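There's a structure below that I have some questions on.
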Amino acid sequence: MSDTYMLEATGLTRRYGGFAALNNVSFKLRQGEIRGLIGSNGAGKSTCMDVLTGRGRNQQGTVCLNGQDISRLSERERRAVGLSRSFQKTNIFPELGIRQQVQLAARKAEFDNTEEVLAELSLTAIADRTASDVSYGDQRRVDLALALVGKPKLLLLDEPAAGLTIEESLAMARHLRNLAERWKLTILLVEHDMEVIFAICDRLTVLHLGEVLTEGLPDEVRANPEVIRAYLGSTFA
Amino acid sequence: MRTTKLYAGVAAAAFLIAAGASSAADATIKIGVATALTGAYGDLGQQVKRAVDFAVEEVNAKGGIDGRKVETQYQDTQAKADIARQQAEKLVNDGFTILTGSIASGEALGIAPMLERWDAVMMGTVPKADALTGAECSPRFFRANIPDYADAATVGTWLKEQSEKKWAIMGSDTAWGRNSGASFTKTASGLTRDIVAEGYAGLGTNDFAPYIQKILDSGAEGVWVALAGRDAINFAQQAKQFGLIDKLKVAGVSFVTDNTVKTLGDVSKGIYGIINYSSTLDTPANKAFVDAWAKKYPGTLPANFEGETYLGMQVLFAGIDKADSTSPEDIAEALEGIETDTIIGKISVRQADHQFVRGNFFGRIEDQDGTLRPVVATSVAADVAMPAADDACKL
Amino acid sequence: MLIQILNGLVYAGLLYIVSVGLVLIFGLRRVVNFAHGGFYMVGAYAGYTAAMVFGFWGGLIVAVLVLGLIGILLDYVVFRPLQNADHMVTVLVTFGILLVFEDVVQMIWGADTLSVLAPYPFDGTVQLGDILFPVYRLLVIAVAIAVALGLTLWLRFSRAGLYVRASSVDALTTGMQGVDTEKLSLSVVGLGTALAGLSGVIASPLLALSPSMGSSILIESFIVVVTGGLGSFAGAFIAALLIGQVHNLGIVYVPNVASMLPLLLMVVVLILKPTGFARSYS
Amino acid sequence: MSNLSMAAAAPKVRTSTTPPVLVVVGIAVALVGFVLPWLGLPRNILSLLTSASMTAILATGVGFLVRQAGFSSFGHAAFYGGAAYLLVLMSVYTGLSGEAVVLLAPVIATLAAFALSFILLRTQGVAFSMLSLAIAQALFELMMRWRDLANGEDGLRMRLPREIFGLKLSFFQKADTMFLVSWSALIIIIVGLVLLSRSHFGTLTLAIKNNEERARFIGFRTLMPRAAIIALSGLIASIGGTLFALYNGYITPGLLHWSLSGEALIIAIIGGTRSVWGPALGAFLFVILRDFAGNYTTHWQSIVGLVLIAVVILLPSGASGAVSSLVNRIRGGRDV
Amino acid sequence: MSLLELQNVHAAYGSARVLHGVSLKVEKGERVALIGRNGVGKTTVVNTCIGAARLTSGKVSFMTRVQKPIRAFRAARSGISIVPQGRRIVPGLTVRENLLLGSAPDRKGPWNLEAVFAMYPILRERADGLGTAMSGGQQQMLAIGRALMANPDLLILDEPSEGLAPVVVDELGASLVRLAEQGTAILLIEQNFGLIRSVGDRYYVMAKGSVVEDGRLSALTAEELKRHVSV
């Protein structure tokens, strides 16, 4: 049963002092699924990403990738078994050339699709420039490229469309959808831009105050009164 | 860009060649002084410089040596052995093949083995390490001052007249400090004195209180101090505050020099010590020297290292005169076994190890003519003061 | 033994006054100030010269004021313009200042060592049990305690102290509360260098004055600051106490390795806890 | 976001923006070095250049660590002086052949650097600098205090056979011949480091320096590469120290003192750490400046201090950065 | 009199340009909402006012005085208090100290330690504990309390609802309304449209680093507002 799921997260928890940034969060992703992880600022989305990828200390819960328990693996080892992520705050190598760093990221992955990824993200023309020299939008795409290259099994994307225009966001959404199908990616996507979310996600998980508020198809979630209340506030809705 | 670089290169080369050419003339006697003009021993280097300047001016005023004027060039070593070696080599390359000026023994120990290869000769006037005229002796190195092991003989002469039975040693944790401590221990045990405490502090120690307390706790009646420069002053000042200087008999080597006395003032009064040279020496030659010194450097008297350096210069000039040559090899040969009059009397240069055979002195800091200064109390004749040459030296 | 512990306290006190100035400057400017050793030295020399006119205590006040001004100038001319540069750049500039200061001091006061007598009425000794102890040494301990106490009270209970603590952790937020953090840095760097001047004068009856005195205490105070945790006052206090004792007792019991003990202590502390004893202001 | 641009630009890794002109100039400078001893230069100039090239090797090691790992070491004298001490101590106390002694000294120093790196890597930034300073200073104190072994501050004389590697020992102690040795070593090291910085290892370590965390997230170990960089930097410094001991035949604890480490770091920064060759350039400038100043004044310390302040403030990327941008400007290119 | 005015402000972080011409104005006693999606530059507007982002062109004025150069402390001294994004409680300081940090001795008004404690009793309970040891909601109260300690004429709040439970957001909204009624002007940067609705009066919408629309919130339908903030 479990091997039909690409990702099984059970009881993810992280506390800072007495404050639980993430409290007993569980969900499962099927192979090839694109899952949206939504919630207001501070709901625990990025923390959830961190726990899934083994970033930082004090975490509880189990993470299974394709049936294999990877909870005890380091970030590096998780990448090696096919778990890759992008970051909300641009997290690249400023002194390296763009192609250079994407190639570097490809090196430890299953196979090198650097040029394809660069082209897909419209980075080919600027691929020889140093990352710190290009614009913020380009740097965001470099971050994404670092995660995408090498065809990981599971891709965690933290706000890939942040800072992009509506058109760019939607274009990116289409590309993600395309890539996921072509490369058989499973994607967990944190995003604020609901248009992106509704454009590509198969299912949504809603986090609120570090806990799962609800989970379901996009339309169900959109209509869920609890979700509306969490975002709108009760008395002022 | 390439052209700019080319011009720079040509200019540099022209400059270099011009600099090299100046060393061609050899009518003068060229003395290279590689000494510590700055750094921890900067004050000693300045003393050496004053003495060399004085000696050279004096000899040139008399028309030079055999009609040849003496010329000097200075290089700063910061008392660091590696820099000293580089600076000495630089002087030699510029034609200044008669070297002097080392302060720290390490400087001289680094230079001495190179002298033959450089075809240079060196006169040491400050470094006291035994090895310089022992295991590491060189056919081209001569020493005017008194090595550590020789101070012991002078100490013995003084110590046997002292009633104190229990002694402590406060030394610098350097070769000469350790050597001095060891030779004091040997002398003391030969005279049935006990060493009840020993402390060796690193160069540049700030706080001597733990050492002082250890000495006080040991019940010592006297303390032998082998500290120099800033360390000596730090120790003396702090020892005074702890009452050690008033309570115990204090004696030492390089501890109370003219310079430390100047700095310490009353604190230093009554401290005994080996005096390798003192301006109070009562010889006509010395009196003349002291007078002439006061003319060139008004208001000052020649200090310990100034006197010793001048002494070395006197013998060196005599050697050059005897050699009638500016060739370092000839000068070295002439210096071997030379006997000449100096400010402290007749001196001979021992063939076996190139050490000056000379008298040594013991004295104490006293108020003389209203100023505190080291005053000679015991003179030790050369045959007692300078033990036989070290067998380890093979020339 | 008791006397040796007391001696350890004297040395610790001196180290503390030097180090705490470094801590203040590091807190606000994130700079490891190599020039601090130079300030300590200049303080001693300035005090020495001013003492000839104004006496020891007058000299002390002059030195503290002069060094405070130098610090303000340093912050204005060096630290502020370089605050967005790489920290290593600023560190190297302070290193350059140290080199220049050593040379200038030698130019003005010469290479000879100078000494200063303990001022009346602290020039005598006091009977502690059956041992005589110099009163001046007790004064050094007292001054160190006064500085520690004064700084602690100032930092804990005064408005300016609150600003200093806040600014050293989060200058921007502190600025948002209406605190002119640039002006604050100016005065705190001035205070830090004034403390270097104070320590120089306080040290002068204990230690001989020479142009190299600055670099000889600099490394030891770095050890204190780093062992205590960069930017931590309490950490510096504890580290100075510990290193003072390790240093002194080391000389008494293991003289051959004594000089290595503070270094090894720092290495061990950094291995166990890379941030030193403390993390930030505490 | 189109695939059209895919055909553009063939994949080519370019680490730095070194203009080809500079490469040509570099090769020319390297070659000029080899003919210097035959130009009849005054011996002083040659011996100055010989010590400068040893300092250059040390500074290259320090600068490489800054460039490739972002660590400012205040303790590289431990490797430089450590190798020199190892060489001399082995020559005095062991019966090893001269060749073995000369080769073992840097090897042992490098192994020590590798072992120490695991302690050093627990820290970063200022703490790294201070920890490296403490370790080096502890070695200094050890050699200072362990008199029976190393003769304290008076230092030790090397005792090697009259011939090593089939050459007379004096070959290594005369400036005109030793210059060739140390210059070759410097050139080999610089060329090696340039190649290394363009290799995968160079890219990886630069990536780790830039962003250690992301390097882990793209699947790399980050401890070992950094340890290797520290060891390599230690190796370079220890080669400099080995040559120094061989050339001088005499060593003192000054070679281990923190002021030498500080000087090496200053030199590296003056020269500029963005390029591999910057620190070496800095070393030649520094040594020549100090010598020049020393000939005319005892205030070389002030001069060095003021030059340091001026360079650091006016040329943030050091002398090499200034040279690079000058070359670029002359070529009419971008000011990088 | 306008308390805060930005005229055609362009601003950047390093070389990354973020604001491309922002003009806005807050008058005495006004309640203004600055809305827009994540990443459009709302926080950069605040950062520009405190010098944390670099003003490349345009003018920033506090109390009609043009600021040049812009320094964080001048905003506070001109009566503008900021509740920054992420609260920025100063580590190592107690709750009381964090509050005292905000007080401005030369500005008179109803707010002092007692008044803040009265409004948020939990802060009194935790007064001597570390500010950073409290929960997100409590920290938000502390940040607001700290800003009020200066008795500001204008309170700028950057996403105060972030990470708060709905019930807490409701309370927050109510207390902001009370403040506004006492005469404090408010500039609210928010995505929670419940909060925007309850507190705001006028609004500016930002997109891609510039202000694209402004008006009265009462003229905006819930759907329109939702589109502007998209959660």
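Brief remarks on what is shown
Letters are used for the chains, namely A, B, C, D and E, taken in the order the chains are written, and counting of residues starts over at 1 for each.
Heads up, the rule we're going with is that a residue touches a chain if its C-beta (ideal position, glycine included) is under 8 Å from a C-beta of that chain, and two chains touch if they have at least 3 such contacts.
The UniProt protein names, listed by chain, are A, E = ABC transporter ATP-binding protein; B = ABC transporter substrate-binding protein; C, D = Branched-chain amino acid ABC transporter permease.
Not measured: the values here are computed from a predicted model.
Identification of common neighbours of subunit B and subunit D yields C.
Using the average of C-alpha coordinates as each chain's centre, A ends up farthest from subunit C. One simple way to say how far apart two chains are is to compare their mean CA positions; for subunit A and subunit D this gives 44 Å.
The mean-CA centres of subunit A and subunit E are about 30 angstrom from one another, to the nearest whole unit. Inter-chain spacing, taken between the CA centroids of subunit B and subunit E, is 75 Å. The multi-chain contact residues of subunit D, meaning those touching 2 or more other chains, are 141, 144-145, 301.
The multi-chain contact residues of subunit C, meaning those touching 2 or more other chains, are 103, 259.
Counting partner chains per residue, subunit B shows two or more touched chains at residues 38, 202.
Pairs of chains meeting the touch criterion: A-D, A-E, B-C, B-D, C-D, C-E. Those residues of subunit E that touch subunit A in the complex are listed here as 16, 18, 37-39, 133, 135-136, 159, 161-167, 169-170, 173, 191-195, 197-198, 208, 230-231.
Partner subunit A is touched in their complex by these residues of subunit D: 1-3, 5-6, 8-9, 11-15, 200, 203-204, 206-207, 209-211, 213-222. For subunit C in complex with subunit D, the touching residues are 32, 82, 85, 87-89, 91-93, 95-100, 102-104, 107, 215, 219, 222-223, 226, 230, 256-257, 259-260, 263-264, 266-267, 270-271, 274-276. Every residue of subunit C that touches subunit B in the complex is listed here, in rising order: 3-4, 7-8, 10-11, 14, 103, 106, 110-115, 117-118, 123, 125, 131-134, 136-137, 203, 205-208, 210-213, 216-217, 220, 247-249, 251-252, 255, 259.
Of all residues in subunit E, those touching subunit C in their complex are 50-52, 71-73, 75-77, 81-82, 84, 88, 90-93, 97, 100-102, 104-105, 146, 150.
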